[in-house]
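Heads up, the next two complexes both have chain A, just with different partners, chain B and then chain C.
So, the complex of A and B:
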């Protein structure tokens, strides 16, 4: 509750701050202070169970240790994102304060999508995430690629919203209780009523759109490639994680009792996402585009949580979103500093910028899932969840094979950094100061620590005040 | 009147919208088709609201909940229109066209 209210308030503060503050570097510091305040306020609520604001929300929003932990991860990763890439947000355009304001509004949507208890709040949360993102995607106004990405994202996003709303309307109509609460959907025994089944399929399709699962992924590479790189970093990590969290909570609470009826469908989507994401990523020349496909491939692993729906899946989704977000934000922070976004652009980075290259290597190892990194732990939890579920065990073997394919394209960057000679004299664009290097090392250490002691994070899920 | 008529009308409108989105090439028309989809949902929700109002199993607030949902859809659709039209205008300024077939620069 704290996080929802404070992010909205801070978004408004940033928006009006843009009118009065003309200095370009000040908004970054206001935003960082705001996120620290929100992170602490949310941690306080997680620790004591009592929010600062006592508002009667008629149970439309529920806060428990599970979704508060997720909000802590989302705000923590955004803080990391601001610290690492805040200076690059200033370079996107003239309206620096507005960009930060929009990011705070997106975070407000993330908090709503994480805590929703009715389909109404789910819809509003997803829309509050999407609408500011359309603007951020198109924020590089003179760039045709950015325009195109914004229009594509907008049309696809609005279309999937339409599908989601139709699904909600069907579920409302088929529900004999006449309620929008996700744990009050009367599905009955045996076969589902046809309206609820149709609504569930539409919701599945629209959520797959939002998290870019195959076959609804085609917008993702273009949008991630076209939008300014800093915002791609935000979109591919925190926003995608929030989409998954909402997906998991919706299907766990609303349709968990009829899991056998839709599990095969989700298994097929998972397998297709893993396969298409990994295979297409192999052929990419641009690292930015490769990371877009890699985010689709990682989405396949996150879909395991929706597939399995058990305790290990809940722990896995927390660990996976944290690990994937931290590693990808770090990798994008390095990528933004590069002059050339192709893989050849990374040639010789190991010699000229050893700190950048070393931390990028750790991020890539974590994304591949090498032991001692959080990437390994999170993949392990996901596969364990699927194994405990017991159905469709072929999916686990398939996922491991796809993880092996992913090693190929991740290691190609490591190879370029350490074993190839640079083609150009200067491969870094923009300054790399000591603070940035220090933060990168901290990020890399965070990945190692979470990889060795995942319980540091997971204990909070089971924490009851 | 029976609820089935409303359901069929809403599904028909919705399908017109979906087919429009998938086949038309003009960004504004695609946009109008999306609005049509949302309005089909509004119609369906209002019809279900009346249905649940006289249903003995439904919770007492079912009818008002659905109508409130319709208002939320309208507000969000309005917000989407402002952002969407701004994006289309931005596109038009740069390319002097709103044909989505031009959207293929990112492919390679």
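So, the complex of A and C:
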């Protein structure tokens, strides 16, 4: 509750701040302060169970340790994002404080999507996430690719929104209670009524759009590639994680009882996402585009949570969103500094910028899922969840084979950084100061600490105030 | 959890000492200090390992165990322990690293501190594999031993290092992931435990729980393969061996020694500790098949070794043949087979490191390692030649050398299982004599050519290292009883299972 209200307020502050503050570097600090405040306020709510603001929301929004932990991850990762890439947001264009304001609005949507208890709030949350993102995608307005990406994203997003609304309408009409509350859809164990089944399929499709699951992923590479790299970083991590969290909560609470009826469908989507994401990523020359496909591939692993729907899946989704977001934000922060976004552009980084190369290596190892990094723990929890679910064993074997493929393209960057000679003298374009290096090291350490002691994070899910 | 009040135990020391020392090494700017520090740390580890032999508690399977909760929601704990098998392999690891450091101390590396740091990290991973008493922890260390080696080979290796190492990495990584699935599935069939603070978990990753897991024959059948493929890639067993000659050839020699001397033992060790006790029925079902593959691999590798012209590749193929015999002896599933494998793991490690050192010394001085370009080294370097001849006869397992004890026991174990397999394996020993003696003849005897005329006698430190290896070869060959005693309890424990 704290986070929802504070993000909205801070978004407004940032927006109006832009009118009065002319200095370009000030908004970044205001934004960081805001996020720290939100993070602490949310932590306080998690710890005590009581929000600062007592508002009667008629149960439309629920807060519990699970979704508050997720909000903590989302705000924490955004804080990390601001700290690592705040400078680069300033460079995108003239309207600096608007960019920050929009990100705060996205975060407000993330909080709503994490805590929704009715389909309406889910819809509002997803829309609040999407609309500012359309603007952010097109924020590099003199760049044609950015414009194209924004338009593509907008059209695809609008289409999936339509599907979602239609799905919600079907479910509203189809259930006996005439209710939007996800716990009240009450479909029982029997065969689903046609309207609810149709509604569920539409919701499944629209959520798959949002998390870029195959075969609804076509927008993702172009949008991620076209938008300014800083915002790609934000979209591919926090926003995507929020999409998954909403996806999981929706299917767990509303359709959990009839899981056998849709599990095969999700299994097929998962397998397709893993396959297409990984195979296509292998052939990419641009690291930015490769990361776009890798984010699709990672989405495949996150879909395991929806596939499995058990305790381990909940723990897994928390770990996965945290681990994946931290590693990807870190990797993008390094990528933004590069002059050349191709894999060859990384040649010799190990020699010229050892700190950047080392931390990028740790991020890549985490994305591959090597032990000692949180990437391993999260993949492990997902596999464990799927195994405990007990159905579709083939999917698990398929997933680890895909994970082995992913080693191929992640390690190509490591090879370039350490084992190849650079062609040009200058590899780094952006400014790399000591603060940035220090933050990168902290991020890498965070990944390793969570990789060795994932319970640090998981304790919070089981925490009861 | 025998040692509740002890904060630090031997297995912990063996794991964390190289780990911490390795991390420190990265920050040492001075090359000489980094070298000296790495050597010091590895010697210290050796001392700890030797000391741990005296605190042996062979009665319990989990002698010298220590554990505390780690991932409590899934029932995994940081449990490390040393039984006879673990002790013999940690000893091998502890001996190997200082020997390697001294033998290759002349080699110049770019960024020395990173090289030695990674070497120590891989030692830590290896120690962890041999000490882990928890399946998840085992998997952790299994991968951790691999990652530093990947960087070592790709950074400091030969011309085609990047491709060769990458093949090696993807091969083993895929195998490990399959094992991870196997671990998860066995875990589903274990009984739960209750932690000290009252947390109850439904399943557990502890070794004991895995050994007691209730699995039907059908389940055992396919989980067996998930585990076995991972181990077979690591050893390597035919037909999963294709990464190995390339990786050995392309790696820097110090890393090749680690790979062949110690790292391949991970696979053999894992068969004994994890595979056999968890899947007894599957082992009984597939034993003929796997011994068949192992024996085919032995003959195949021995034949290839005969025609190799490159010294490194020759030793690599010889290693496949030896490991094949170990694998076959394990699946023969009887006391003398196990006994033989356990001491042969140690002996093979020592012998092959000795062989690599000789290869390294020749390559370092002459810059070539082709049999066809060498010859007559014995005239110029008699001490080197004597040392090599001893190591080589040990490699063929002549009586009075260490390998004889192990190979004899393994062959007799295999003979008890099936005579024809033992005969085929025996043929490989003859083939081993062919390629090893051929190698000695071509490199050390015959006419001295223009190139080998420049070779000089080895330095004192190299002499000492080779002498140490030769002494171990004879000591174990003449009086193998201490080693046999060390592993005896483990053998009984496995056979009674």
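Methods note: the second predicted complex is superposed on the first by the 463 of 465 C-alpha atoms of A that agree within 3 Å, B and C clash if a C-alpha of one lies under 4 Å from a C-alpha of the other, contacts with A are read in each partner's own complex, and residues count from 1 in each chain.
Operating definition for what follows: contacts are C-beta pairs under 8 Å (C-beta built on N, C-alpha and C of every residue); 3 or more make two chains touch, one makes a residue touch a chain.
In this text, all values refer to a predicted model and were calculated from it rather than measured experimentally.
Peer 1: Fit or clash for chain B plus chain C once both are placed on chain A?
Peer 2: Overlaying the two complexes on chain A (C-alpha atoms) leaves chain C and chain B fitting together cleanly.
Peer 1: One more residue to check, A:33. First (chain B), second (chain C), both or neither?
Peer 2: So A:33 meets neither chain B nor chain C here.
Peer 1: Figure out whether A:265 sits in contact with chain B (first) or chain C (second), or with both, or with neither.
Peer 2: A:265 sits against neither chain B nor chain C.
Peer 1: Look at A:165 in the shared chain and tell me whether it touches chain B only, chain C only, both, or neither; answer first, second, both or neither.
Peer 2: So A:165 only meets chain B here.
Peer 1: In the overlay, answer first, second, both or neither for which of chain B and chain C A:179 touches.
Peer 2: In the superposition, A:179 touches chain B alone.
Peer 1: Once the structures are superposed on A, label A:145 by its partner contacts, choosing first (chain B), second (chain C), both or neither.
Peer 2: first
Peer 1: Chain A residues in contact: does chain B have more, or chain C?
Peer 2: B
Peer 1: Tell me the contact category for A:12 with respect to chain B and chain C: first, second, both or neither.
Peer 2: The answer is neither, since A:12 touches no partner chain.
Peer 1: Which partner does A:282 contact after superposing on A: first (chain B), second (chain C), both, neither?
Peer 2: Once the two structures are laid over each other on A, A:282 reaches no partner at all.
Peer 1: Just checking: does A:50 make contact with chain B only, chain C only, both, or neither of them? Give me first, second, both or neither.
Peer 2: So A:50 meets neither chain B nor chain C here.
Peer 1: Chain B and chain C, closest CA-CA distance after overlay, in Å?
Peer 2: Minimum over all C-alpha pairs of chain B and chain C: 28 Å.
Peer 1: Spell out the part of chain A that touches chain C in their complex, as residue ranges.
Peer 2: 312, 315, 365, 370-372, 376, 380, 383-384, 387-388, 396-397, 400-401, 403-404, 407-408, 411, 415, 418-419, 454-455, 458, 462
Peer 1: Can you tell me which positions in chain C touch chain A when the two form their complex?
Peer 2: 71-74, 136, 139-140, 143-144, 147, 151, 154-155, 161-162, 166, 169-170, 173-174, 177-178, 180-181, 184-185, 187-188
Peer 1: Could you please specify the touching residues of chain A with respect to chain B in the complex?
Peer 2: Those residues of chain A that touch chain B are 120, 123-124, 127, 131, 134-135, 138, 141-142, 144-145, 147-152, 154-155, 158-159, 161-163, 165-166, 168-170, 172-173, 176-180, 184, 186, 221-222, 225-226.
Peer 1: Quick one: in the complex, what on chain B touches chain A?
Peer 2: Contacts found on chain B: 3, 7, 10, 14, 17-18, 21, 27, 30-31, 34, 37-38, 40-41, 44-45, 48, 51-52, 55, 57-59, 62-63, 65-66, 68-69, 72-73, 76, 79-80, 83-84, 86-88, 90-91, 94-95, 100, 102-103, 105-107.
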